[in-house]
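Here subunit A shows up in two complexes: once beside subunit B, once beside subunit C.
Moving on, here comes the complex of A and B:
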């Protein structure tokens, strides 16, 4: 326990986590003791600290306290000089630490659907299909047909055509709705109607202002006024829209370097590289990181861009159950045990690919456990933080901030600027000296330090990334928007505006989720995730809920088959720091209304009878 | 139709089917049985395998995540641009005439576009904060798509938020496993990635070699299954570039189209370079060759070159293009193009429509330049004379690395002499390493003096280096 512990930089007092699962009487007392003994160490010398530790152990409360300390071990960060500092643990401690599943950070719910609803959902879907089938027999639509291509093999599969024309068409008006304003807390929809049951749409010329729960505007940076817009305009005037060149040709501007450094600083790692599109960040970089002979363990709910990137890489992909650490471990074990598919040789490397917040499930990755597995099984970890950077964590720095783990433990941190930063593009960030150095190849390490070679992830990508070499560099005003908004979140602008936003988002999230639970609808995912899927199951209900909410000036998104499993049609709410309590209350009231009439109260969980509080500004969390 | 009605409709239908509870019953029994079988088959790990696993884990030495990079690798220190990219560009502090970036019409410097883009930020903000399906469709996207379709006189257009992804996603949206795709061997990297994603059966034919293509087509005809109407069920595609990014050559479109009709291929043309440059009014290669546009199944293009914005697009008949709105991965699963960039593209199209003379100027500039290059004895230039992209290869062929070194030395020297030209960057994962060259991008903003200057500097620097 002493070992590396000594090197811990003592900045400030460590606070005690409030949500400790074993906080019974004894637990509390031990905690209090622990706190006091810690308190005494503030400002004392390092040796004293270790003595204190030993004293605590000698008190005969080792096991519990051991746990407690461990828990702290990953749960604490010292905000010193604005940079994250992390406690180093001794090897022993790393190996033995257990992650209490009950922590509120893990408070996640995937309530099972009642059997009868499940059956009805399937049934309802088949009826839709059946009706579509009859519809198809009875009349041929006057949609576009292929002309002058007689004798050609049909371009599309029959079923696909059928599904789009006769099933999806019925609810087509719920998607692709045009807007004509900032996608902020409210959004103005351009109204359209259809006179032919969804084959075509016409604009009515009117507009509807709705509360926007559909855009990924987590921190409310989708703004047409204010510092972000102003600075983007300034950059646009200076540098124009585009450089018409890739980064490695004539597209590298100082603004890109600034953004890369800022991103790295923001995430607490040494270096980062940015690209013009988040989707391309995944698809065009994964192939340079994994290759044939590698094994990729990919979460079943991973985003299309990740899947495409992996497919392009030529590596073998195995899918593990969503956020299921046990299944992941089984997969890892099997991979180690059996080796490569045909030859049985060991894999070249194993890479675990997960997302921070899953955009369709609202769940948050179980990062600490996955990190532990990754270490145990010598795998690498790729973390896609598209929805989590900025949106989660006390300081808005994403998943690592949320769990208070050292971001440098994640080998590859990927994320996008589309969501929290209200811009476009993506990044990959990582440590300069890749994690490999930390393993036991002593001679490799020596070789690395002495030679003219660098072994750094980001520099490797600078040389090998497809996007860096071939795809257009990021447009300057787009980059500026990210820089300005990121500085605000990080507080580098000298105000606490960013902090307010992160707090507001967290508060909105809790409030909205708890209220929904109280209403009695089934929501998926983690209590702290700003993406809130509300399950409606039946395909036809997706349409009716989205439409009804629109008539009440609420813009939401429905997601159904094939984007989700057939059974699990859902409505997704994306919360934003820009929403006010009044707006949320209005939305909640309407959801309550319609969930009665449309029958959405599927949940069998006990409902909280007490009124849900919306915390005031003075509260810390 | 009100929402209530729809809901009631589905309930009603449920009631009209008489035996649904029987069906339900059967279904539930079946699922129960399935559930049990599944439970049973899940084997439990026993001690022996765990030990074995531990032992193997102990022995296992995974490869490092990445390989080493030389500290002085040139890609780590790309040239720095400190000015707006226009007719002139400041590269590593040298104020240069810009022949290195793809702004063929120099629309990046248009004040009109800038004004409108600013207005767009003031109206829509910067990002669109959502994919097209989820409130990311801003009215300017629809306007841009309409303008593009109008400009190309085709039925429909679809806009992507990134040029590279456009090509790769569009190809993969149509070409599937088991389909047969004929591709020119010199296609650019984006097409190569699209083909990888499609996992189709791919046949490469020699660059611009119609005879070779026909040979391949003949070899394939009659090999495939036919359906009841005697139509082959294997889809066949031909993918070519209008002007090839990696060579500057033009594809023989009329001949290709004839082959397509004969052998029932659908043809996709990547017009990233030729859109907005070729033809009397910049409509691209179809206008250049006077090929009716309906002969082409789909045209893919980029908003990042002539248009001077960011993004890409596909145009074609509604029957074809509409499909991408649900199957183009880069379209469905990525945030839409920031409205300010869409606005910029709309204004660019308007300028192109209103000032067709810029295409004439561009063409003349290309000719002048091409003639000038032909007179030099160091370089050879197989690129098409009217192409805004000209590749200069060393006349004396050396080994690839050596050529690269020399050409880069020339390009560096040019930059020091205030002429920005570059050697294009190719990764070693290209299907076939393209031969290195100096790539010149010609713009309509150049005048005779500029062209003379550029040719002189090129000649001078090349002579100094070689």
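Moving on, here comes the complex of A and C:
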């Protein structure tokens, strides 16, 4: 239990206490956590329970109540973690474990690249590398140089630097484009030209209005008018733009507490904690949850923030194949069987880290299967819902809503406010509770006990998270934008505007994906995911597609090497509820056009000969 | 004349497609020429090798068999 001794003012306990209703108990617990690593029983209620229920199975832990309670975030070695005891399940436990998995929800495709295209992509890449070396040899690159560094090792010379200068630079006009309007359904691009092949740019002074398929504006909340903007402005006038302090010190405002409660309510869990930056939510919270001696099973396609967080934590990371539950199970089995590297000791804890919607692949995690695995092997599950919260599910509540799974079954729910809510920041929501216990006993004593435990994870983070202790608290107008948009999505504003947006997004997604399949281009991912990657493989094709679409007033984003494997360049379309059918039709017509002339029809799948229907508002699917 | 234009545009289009798949679309002009000359000379050498060495060698082996 590493408490930062320099920053343990008296205010810490007081603050935590003030946030929970049974402050006495929690206060004792927090103190106990900070001072001793081993806790004893907490009052008479627990002893009562321990008589009735000898063993509870918390996630990943088999513990004995009344004598010793382990809970999430408790960094000491768990005696049972990595040692699942296969006890016979009772009937209702079994029912709890089987999910009505609807196969149609797994409907995703990852078409293989045609051999000739793969060969040409490699060949083209060698040509680019070759030309890059020659270019570097003949001309000095037009970049800043290190001076007065005689005898020092060069700071900036690595492959990535070379790649940026001689591959990325040539098509640099397709990225980082300056805009001068709200990135809603349409966006105004500031035109620029280059006279030296991408080393420098000049503004031409003109502007182009484009249909925006490049923003993660899933529900269309990126607006400069409307209730969200108005309320944000009102909050800005009331609270100012920053508290200039971290949450743990003076930066906590009522609006943050309101946002946290709303987020928890929105997600259907007991508590949540919010941070001012989405990337940091992953990067700075994972190290406080896992440590050396823990095992992390991470999906191959996880986002850079997750990977960075895991590396910072010092835990052993094993990567499993993308969305491959079988491989995950193999990894779990092997890990439990062999234990820690070198010593063979059992792991402190095992955490499976997955994302909801993978932003580069457009695929959706196979959550029900992973939940089953996690329960079978008693591992924890960390679900990064950066792209899925708000964007998917009937009520727009994310992956758990999409699969009709109880969100409380996922141990740690993480997400960002950057995408669907049109704001900034991130949250972690979760509970740490023995589900079996919850289902078995409905009496009040157990409920009391439960609710004392429910906020354990979040309260632990409130004390130990670096982002909570040291990072600036979220700006009030930004928090207000989230609150207003979240209330609209949840229908708490009394209208059905949110529902309409969710529906519109789902319709747009299906329509767009089916149409693309009909055109014959290769798209990756689940048919319900609003991120649609269209594979073009070659760097030149990324450049040519983005440039051609820009001339036709469509703004898209190409994705190349650092974000994807070297040979899998793609164009990523991000759909939004703000897009109308006419806009999508215009885009699709142009894509069909250029996919013929630029040669993008790689797909060998059978195409649907019938025209694709776009469902109107009255129809329900 | 019409036919010539058609052939020209056809050739132009397929040259464009060729530059796309070899990544020459995004490089500078001299680099494009450099690679083109390199490829053409490579093919010429290959042709010469086949014509002068491989063909006689195979015919020798075949006639011996």
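Simple rule for what comes next: the second predicted complex is superposed on the first by the 491 of 621 C-alpha atoms of A that agree within 3 Å, B and C clash if a C-alpha of one lies under 4 Å from a C-alpha of the other, contacts with A are read in each partner's own complex, and residues count from 1 in each chain.
By definition in this document, a contact is a pair of C-beta atoms (placed from the backbone, for glycine too) under 8 Å apart; a residue touches a chain by one contact, two chains touch by 3 or more.
Given the structure is predicted, the values throughout are model-derived calculations rather than measurements.
Engineer: By residue count, which of the two partners contacts subunit A more extensively, subunit B or subunit C?
Structural biologist: In the superposed model, B touches more residues of subunit A.
Engineer: I'd like to know which partner A:304 touches here: subunit B for first, subunit C for second, both or neither.
Structural biologist: first
Engineer: Just subunit B (first), just subunit C (second), both, or neither: which does A:312 touch?
Structural biologist: A:312 sits against subunit B, while subunit C stays out of touch.
Engineer: Counting only touches as set out at the top, which of subunit B and subunit C does A:152 meet: first, second, both, neither?
Structural biologist: The first partner, subunit B, only.
Engineer: A:377 in the overlay: touching subunit B, subunit C, both, or neither? Say first, second, both or neither.
Structural biologist: The answer is first: A:377 touches subunit B but not subunit C.
Engineer: Based on the superposed arrangement, let me know which partner A:237 touches: subunit B (first), subunit C (second), both, or neither?
Structural biologist: In the superposition, A:237 touches subunit B alone.
Engineer: Scan A:471 for contacts with subunit B and subunit C and give back first, second, both or neither.
Structural biologist: first
Engineer: A:125 contacts which: subunit B (first), subunit C (second), both, neither?
Structural biologist: second
Engineer: Once the structures are superposed on A, label A:555 by its partner contacts, choosing first (subunit B), second (subunit C), both or neither.
Structural biologist: First partner only.
Engineer: Check the residue A:177 against both partner chains and state whether it touches subunit B (first), subunit C (second), both, or neither.
Structural biologist: A:177 contacts subunit B only, not subunit C.
Engineer: Does any part of subunit A touch subunit B in one structure and subunit C in the other, and if so which residues?
Structural biologist: 120, 123-124, 127-128, 131, 170, 197, 538, 540-541, 543-544, 598
Engineer: Which positions of subunit C touch subunit A when the two form their complex?
Structural biologist: Counting only subunit C, the residues touching subunit A are 13, 17, 19-28, 31, 34-35.
Engineer: Mind pulling up the subunit A residues that touch subunit C in the complex?
Structural biologist: On the subunit A side, the touching residues are 120, 123-125, 127-128, 131, 134-135, 170-171, 197, 538-541, 543-544, 597-599.
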